[in-house]
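Each of the two complexes below includes subunit A, the first together with subunit B, the second together with subunit C.
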Partner chain A sequence: MTEHADHDHEHHLPPKSSVKRWLVTTNHKDIGVLYIITSLFFLVAGGILAMMIRAQLWTPGGTLLGGQGYNQAVTSHGLLMVFWFISPFAFGLANYLVPLQIGADDLAFPRLNAMSYWVYLFSGLLFLTSFFLGSSLAGGWTIYQPLNVPAFIPEVNQVGSLATIFALMLFVAAVTMGSVNFLTTFYRMRAEGLRVRDMPLFSVSILLTVWMMLFAFAALLAAVILLSFDHLLGSVWFSTAEGGSLLWAHLFWFFGHPEVYIVFFPALGVMAEVFQTFSGKRIVGRKWFVIAMALVAIQSFVVWMHHMFLTAINLPIKTIFMATTIGISLPFDLMVFALIYTLAKGKIRFKTPFLFSFGALLLFILGGITGVFLGAVVLDYQFRGTYWVVAHFHYVMFGGGTALIGGLYYWYPKMTGKMYDEFLGKVHFAMFFVGFNLLYFPMFVVWETPRRVFDYAAEFTMWHRLATVGAFLFAASFLVMIYNMFKSLHSGEEAPDNPWEYASAGEWAVPSPPPLENYPGVPSYAGGKLSFLTRSEAADGGTVVEQEVAGTEQTAPDGGAIAHAGAAATTPTTDYAEELALEDEHADHASIWPFAISASAFVTFLGLSGISKAYFIWPFVFATGFMVAYFGIEGGRREGFGWIHPVVMALGGAIAAGGAYLLAIDKGGLGAAIDGASVYFWLTTVGAFMGAATLTQLGFEEFNVPEPAIAEQWPFEAVSNVKLGMWMFLGSDVILFGAFIGSYIFMRVGHGWTDWHHDFIPEAHVVLPGLINTYLLLASSFAVVLALVAARQQNRRRLLGYLITTFLLGVGFLINKAVEWEHLFHLHEGAFADGWTFTTNIASSSFYITTGLHGAHVAVGLLITLYLIVRAYNGAYLGEEEADTIEHFGLYWHFVDIVWLFLFPLFYIL
Partner chain B sequence: MASTRLYTVIFVTLMAFSTAQALFEFTGILDRAYWFALGVIMVLSTIKATLVAGYFQHLVHEPRSITYLIAGALVGVLALTAGAAYSIL
Partner chain C sequence: MGPGGISTEIAYVLGQTGGLSRTPADVFNTVYLVFLILGTLVGVVVIGYTLTKAWRYRDDGERDDESESDKVVRPVLGHLPTGSGGGKKLFVSFGISAVIVLSLIVWTYSALLFVDDTPPEVAAEGEEPLEIEVVGKQFNWEYTYPNGHTEEPTLYIPEDRPIRLKVTAADVWHNYGISEFRVKTDAIPGQTTTAWFVADETGTYEAVCYELCGSGHSAMRGDVVVMEQEEFEEWYANTTDGSTSASVNSDVTGDTDANANTNAADPAATEGEA
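Entry: the complex of A and B
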């Protein structure tokens, strides 16, 4: 251990005993641990709410919490468990293990990984804060509409409910960053010889999970962004009589059904691995298992309307979705049979991880069968809104959770270097399993109990009491677990590299806990088993590559094949001599900015929750001015002053001053403006300034992450990590903007496509401003293309020129838009005598919000352009590789352009 | 990397198509043959988007798998839009 500690020091990473270490670390193992601990914290938070719910249900119509309190408890319990506990718990394991399993030394983007974690943590804190801001959302975790827009919930405090929505938004941001990071890692950093399909099954399950996350969460993001505008600006997306409520259901469940697999897949991966290890058998039909999983991942996007059987959607579509739902249960059956058959064939050792995984399988089977009932339209008419649903999804979801807990026991020795106490583990399992069934099974029996209501028929009382007793037993079992983990950390037996006979995935070939850099050399599976390549200098001055087979046991790529090999072999080879660096390329592992940026986001969104519509934009205007000026200051300070720096600083000052001037006009004097500002305004402003400063620091920070010299990269060999990451991010943005556009189309179809224009849109809304903006944006895209050419040709002056052109065209776009909006806001035309604003009708809401969000993307792009200009002035980005940054920015900018190419006809012409 | 000349041709095409789209409204074709105009306008937008993605973002020179990634996202969100719109017809 001391050796590792010293090693850590070399990388400017404080020791694990210091708090600072945990604030700055970007190492995947540290962050994995942080995720696990944080998710358990939210499990406790959600669990306490659950106990209150069960206590209230001790008698029909209990009074412990009061109506509003009960609704909040039910809603928050659901949100906390689904979002802040279960997936982050799985991703704690994934963070720790995926790089070890695939032979990478970290995730592709370590700072982004830290950012995901911190944003996740702060999103959860914002969620918890919402309780203290009056009231958090109280309409159920599905946040159905219009029951959660302000007009329909006068009793719910607006600040708290908006804070809840923002918490979700931040959470989704964290998830998206994480998905991009994992996908890039999976596709670009596998050890030599490791094919995607041969990865250990836990890694396979995580790969499929992050694919679903990337796409599904973008739809949720779209939904909560629209909802936040309904709260903040009074737009009418979800309160519109024709379709607002259905729009939410579609967006939410398009996310929601994949989400249930997002929750369950990691559990499936754990089950597969634990079963293999503790039965000593490779999973039966492995290939089909993987294919089935991939099929389910795809199918999960076409079953969402089975959650909408009781809405106004038409019968043909219900039938179609009933069929697709049956379709998705088929591959699932296959997986379940493969798991069962593996056990039947093997010789089982009943250790704690196995018990939990096996329990999970039983629970899941019961949950799955009851789900099939719900998937039948006719039966669902009966079951919807009852405790049948509650019981079903707890069996499936927490069935998954059960396997994940098994995973925690399984990998605990790897992460801590200590064995857990087996006896206490078994006690935990016994209490857990009995408690679980005592808690949830009665819900099937008295399924006629209405869901989310604390009243029920008196004859059900006995069953509900049984459930409550079960709940307390269940909760108590976790105390045993926590005690076990703490105690073992101090006084547990030392764990060897591999405490489990037959475990053969990559993580078991390195010490427990693994050193910072994971492997003693470059891992390779080229020979069919894990070995480590190191290059050393030969006596004659040449180089030899030594290959050392990992451990004494053979480590198989897929962690499945089991055989005992002889002693370690050392085979000198020379194939890689060129690519293996003699000395480790320096890699950075510490940055404070992910933490600082996330903290700023917390403050900003806390402020936004209570800011009034009239003040909403100003903190961002001022912060933008500050950020621009700060670019000038930091750029000059770090890279040497030139004429560009004072110009940029002046520009920043002008933006801020101009903002102050406009604000003063708007509010009748600067004094009046300041007097009218609430504490929330100041919070937002402080948060936005912090964000501007910390993001700038992150931009200027030197942070070196070497890409692996030798790696399996199918099917993305020819792109760099950053470029692939950028495209992954754009993939999710396609869904985000697609969902905005889709929402508009849906609402317009709902109203009657061709009546829309006549009914909702003023004459003054004409084509010309849109056409001009199309020209401007296309020209700016062209300028970026030329900038890239100039950068590649190492022509600094032309690079600067084109970047500045891009900037000016973009500014022109925004000014033109501002003029147009200003005009429309203040119309005095027939039907729109009070102007055409956010709140006027669904057409105005969708126009302003969709094009406004696009405009925000333009504004962000312009900030980046300014940053690029400052750096380019001092000679950055010149050369083939150096120009990559310009290229990556271009990908974003052209994407924004493409979105506009559809917004223009849809919102201006048709 | 394609040549600056190709980029220029594409840029001019993009500007021309955008103008053409607006002309449907200016000339009143949109009022007379709404659905026809809608079809043509959306096709033009799709071509424009393809040009930008293919050449400005140079997808044509990247591994095909990146195109599949974006196509996958597009198919997903079209399924959402089409399914949702159909469900209320």
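Entry: the complex of A and C
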């Protein structure tokens, strides 16, 4: 329904027909569409690789791809599908629909949302680029160690392998930003009267998914950071014979098992929505369905070792993990039965969305039953590393994918305003479902085929050929889908607001596609039904608040009569007049910086993939100098010059000049340094400078995002969006550091806790520098507290003074650390005649990288402090509310401080 | 625990009355068969039920909504969800499925104990297991016998005698498995894992790597030759070029405890014989 005018231009947003619109938009619906299209692109990429795999398997020991090529295809296929296709596809739907379903006008942090998307896209592009840098990673999507450290990767493939690892790192960054954003949105921006448990089930499933994502991906991030340092700097985390392999397995599967539910939950949410709509029934046992999901989400973090039953773990641990694994399958039984019983007494219409969701349920039942086989440890022993596992996880994961495709058909009319072609949809389903089973079921039959191997017993040939035929049918079915989507976009029937009888969620109460601001007023569920509050001028000059109940007119299915939702039942009320006035605040919807920052990240990491160890740090030193100087320039230009600006510029210049001086010493002259720099060095430098500039621009950009004045915010009524977001981010950071510290303890226990010191650590590694740094950080935390007080009291000079104190103390911390490291690097002590560096042993690797990660947090904090100083100079942050920014920074800074209080004893005293 | 202590009981639990001649392969095959039958049954029942319901309640435009389903409250656009019935049925079926799953798993637990236990004496003569060390390396298997003799890439073993494997890796993570005898275990650098099996028929089989280990992974296979006992003894006698001290370790009677397989890294044991 597009009777409403396109208001978009009023929000500085170019029309949808312009390319620029898609680069600058921060609107959740646009970004949802971008996610969906991009993820389908990666589906095609991963699909082409899958076709190559299946072609190779046409005969045992096929020769289409070589040994390395086959491994590369298998690995990239897995990574692309699991990371770059299925979750982003689900999050495309979530981006589009969650705000509509919960009554928000956008996500809590629209620019951050855009950034998640762009970082995701560029991470995928970096992945694809890795194919052209020798080879992408070829050691399996599980990236087991030590196969994937440089020692076991041919020289020519190392750049590409590292690029793949960085791609994964960027992807995780995107996911973390997305999780923080969604969590804040869920807890702060629900429509009035909408309790968490009453949200549509798709939104419930996404809420639980982002909770799992926040923590699980932090563990993966830790693993990937460690791995990237093994590549970049030659640290020895995963090449250490005592426990390196197992360390990776633990970290990976601690992430990996929740990941399987992260993939599956959104699908479950879609199934629940579609089942309810197309059977015309509320789901049976809704409460239990939600409780079961929540249980699974929590329990998913305590089953990871069932992927390691054949490692040397002992019987009691095996028993525990067997129990938790079986335990986690039980809530799924309940959910499956709930879906099945929802069909009873329904009025089931076998439209395409339902067919896909129904098919997904059948596939999931099969996947679940075969999962119980795996839960029996004696059976798992033999299934491990075979096609049984391959078949099982395709049935569950792509079973989930099946439901998501149903979701795409279900919401296609809402997103495009056009109906898809029902006949083609059914054709797609038929080909898809037959192809799917033809492809994957034979894998159960010939499960004795080893996984990731292209040779198999000759008597299996028939079955593998069947699977290959199925694969091509399956792939072809997607061509039908893509054709349908394109065709319908141009010539599909107009879609009404609600094309589906019995649909109940909020998105169907607004036009298709919804206008930029989503609702014709402020949505509210107070009273149990969706209504919209609007404010208008009354004849006597006062304000009148009108409440329209949504969806009071039933819309005819199949697009007959198009009724506008919420036409009837207008009740004037007088409540809310004040809050509604607040809701009218102007909101921004366009910013180019998320795109620009992500592009910079792409260039930077592309460069880092090939940079040599000796050059790694310099681009960042120069970029930091540049960024600091740029703070001064932009701050002065935008807000008026004062003494602070030249000081900051000079500081930036000094950092850069100092860096150049040190580099020259290090390389024997600046000329020699430049001659020795590879193209990767220049790429990194360009990327880092772009990043410095674009981040600064983002910081100075005026971008208004009003918080809702009328909203359900339990249990976070008292905190602002930004503060809640900061908490969520720090929550994931806790896991990140926890994983680092846990890894250190794991390796140390593996070696022998007390021998560690004796075997690995030089005498010169003393307590004093750590102790001094502890005092410096504590003092700086104190200074931040005082800065906050000063800001609240609107005392500009004291605010500036305390911020500068914080900055100086932090700088002291870093300098002290640099001196300490420099000393240790260049030791000539007995066993450490060549110094104690990243590569010396696992103790040095863990010391430098863990405290280095912390140091990076300090450095970021200092850049933010400088930015705050520049802004505070011109009077920012003064006042009760304005001071919130200082408070949020304080949260971060105290957190960094607390982390140090853990690291100091662990790495200096114990 | 004496030889066959736990395992005798398990043999009993598993309903084997034919003496001690059960092997891990038998156990796997039994459990797998039971799971397959039950799994198929459950699958057919659940999927059959689902399909029937879906068809029965299809909207063919003929069923009169009011008369047949007066109790059903259809969802209305914009309304918050209200409780829907059917909770009891849900819990009954959930309970049934939970009972099936749990009892299956508990039952297999005894099988797990059997497989994870040290090998019992299987032959009537009380023959002790033959312990062989396996080292996975890109892209081959190397075997060390109790007498110090090493073989690569073919494994020679006697039939009907428990073989105990101590497995590790020299470079990257591999996984050692002989599908025919249902034996498999990880080969991890710096770790030693154990597994045991009995080959009950002579012939040539294949040991395969089940963990991606590099470009040659697909071809990382080695023959396993199972010989008659006397034939093996003969072959083995000709290989005693290893050190004599190695025989100490070959003395693995059933006296090791059930936790022997749980010890993690014990490279010393490996090196002792190499």
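We take it that the second predicted complex is superposed on the first by the 884 of 910 C-alpha atoms of A that agree within 3 Å, B and C clash if a C-alpha of one lies under 4 Å from a C-alpha of the other, contacts with A are read in each partner's own complex, and residues count from 1 in each chain.
FYI, a contact is a pair of C-beta atoms (placed from the backbone, for glycine too) under 8 Å apart; a residue touches a chain by one contact, two chains touch by 3 or more.
What you see is a predicted model; the values in this text were computed from it and never measured.
Trainee: If you tally the residues of subunit A touched by each partner, is the higher count for subunit B or for subunit C?
Mentor: After superposing on chain A, more of subunit A is contacted by C.
Trainee: Who does A:Thr754 touch here: subunit B (first), subunit C (second), both, or neither?
Mentor: first
Trainee: Which partner does A:Leu786 reach: the first (subunit B), the second (subunit C), both, or neither?
Mentor: A:Leu786 contacts subunit B only, not subunit C.
Trainee: Now for A:Leu808: first (subunit B), second (subunit C), both, or neither, which partner does it touch?
Mentor: After superposition on chain A, A:Leu808 lies in contact with neither partner.
Trainee: Kindly classify A:Pro905 by the partners it touches after superposition: subunit B alone (first), subunit C alone (second), both, or neither?
Mentor: first
Trainee: Which partner does A:Pro450 contact after superposing on A: first (subunit B), second (subunit C), both, neither?
Mentor: Touch partner of A:Pro450: subunit C, not subunit B.
Trainee: Using the superposition on chain A described above, determine whether A:Ala859 touches subunit B (first), subunit C (second), both, or neither.
Mentor: neither
Trainee: Does the superposition put A:Gly528 against subunit B (first), subunit C (second), both, or neither?
Mentor: After superposition on chain A, A:Gly528 lies in contact with subunit C alone.
Trainee: Using the superposition on chain A described above, determine whether A:Met419 touches subunit B (first), subunit C (second), both, or neither.
Mentor: So A:Met419 meets neither subunit B nor subunit C here.
Trainee: Of the two partner chains, subunit B (first) and subunit C (second), which one does A:Val44 touch, if any: first, second, both, or neither?
Mentor: neither
Trainee: Which residues form the common part of the subunit A surface touched by subunit B and by subunit C?
Mentor: Shared contact residues on subunit A: 243, 246, 312-314, 750.
Trainee: Quick one: in the complex, what on subunit A touches subunit B?
Mentor: My answer: residues 215, 219, 243, 246-247, 250-251, 254, 301-302, 304-305, 308, 312-314, 317, 715-719, 724, 727-728, 730-732, 734-735, 738-739, 741-742, 745-746, 749-750, 754, 767-768, 770-771, 774-775, 778-779, 781-782, 784-786, 789, 792, 890-891, 894-895, 897-898, 901-902, 904-905, 909-910.
Trainee: Applying the document's contact rule, which stretches of subunit B touch subunit A when the two form their complex?
Mentor: Those in contact with subunit A are residues 1, 4, 7-8, 11, 14-15, 18-19, 21-22, 24-26, 30, 34, 38, 41-42, 44-45, 48-49, 52-53, 56-57, 62-63, 65-66, 69-70, 72-74, 76-81, 83-89.
Trainee: Which part of subunit C faces subunit A closely enough to touch in the complex?
Mentor: Result: residues 27-28, 31-32, 35, 39, 42-43, 46-47, 49-50, 53-54, 57-59, 63, 65, 68-69, 71-87, 89-91, 93-94, 97-98, 101-102, 104-105, 108-109, 111-113, 115-116, 171-173, 175, 177, 179, 182, 184-186, 188-193, 208-219, 221, 258-259, 261-265 of subunit C touch subunit A.
Trainee: Using the touch rule from the top, collect the residues of subunit A that touch subunit C in their complex.
Mentor: 61, 66-68, 70-71, 74, 138-140, 144-147, 152, 193-194, 198, 240-246, 276-277, 279-288, 310-315, 318-319, 322, 326, 329-330, 333-334, 336-338, 340-350, 358, 361-362, 365-366, 369-370, 372-373, 375-379, 381-382, 384-386, 448, 450-455, 498, 502-504, 506, 508-509, 525, 528-531, 549-551, 554, 565, 750
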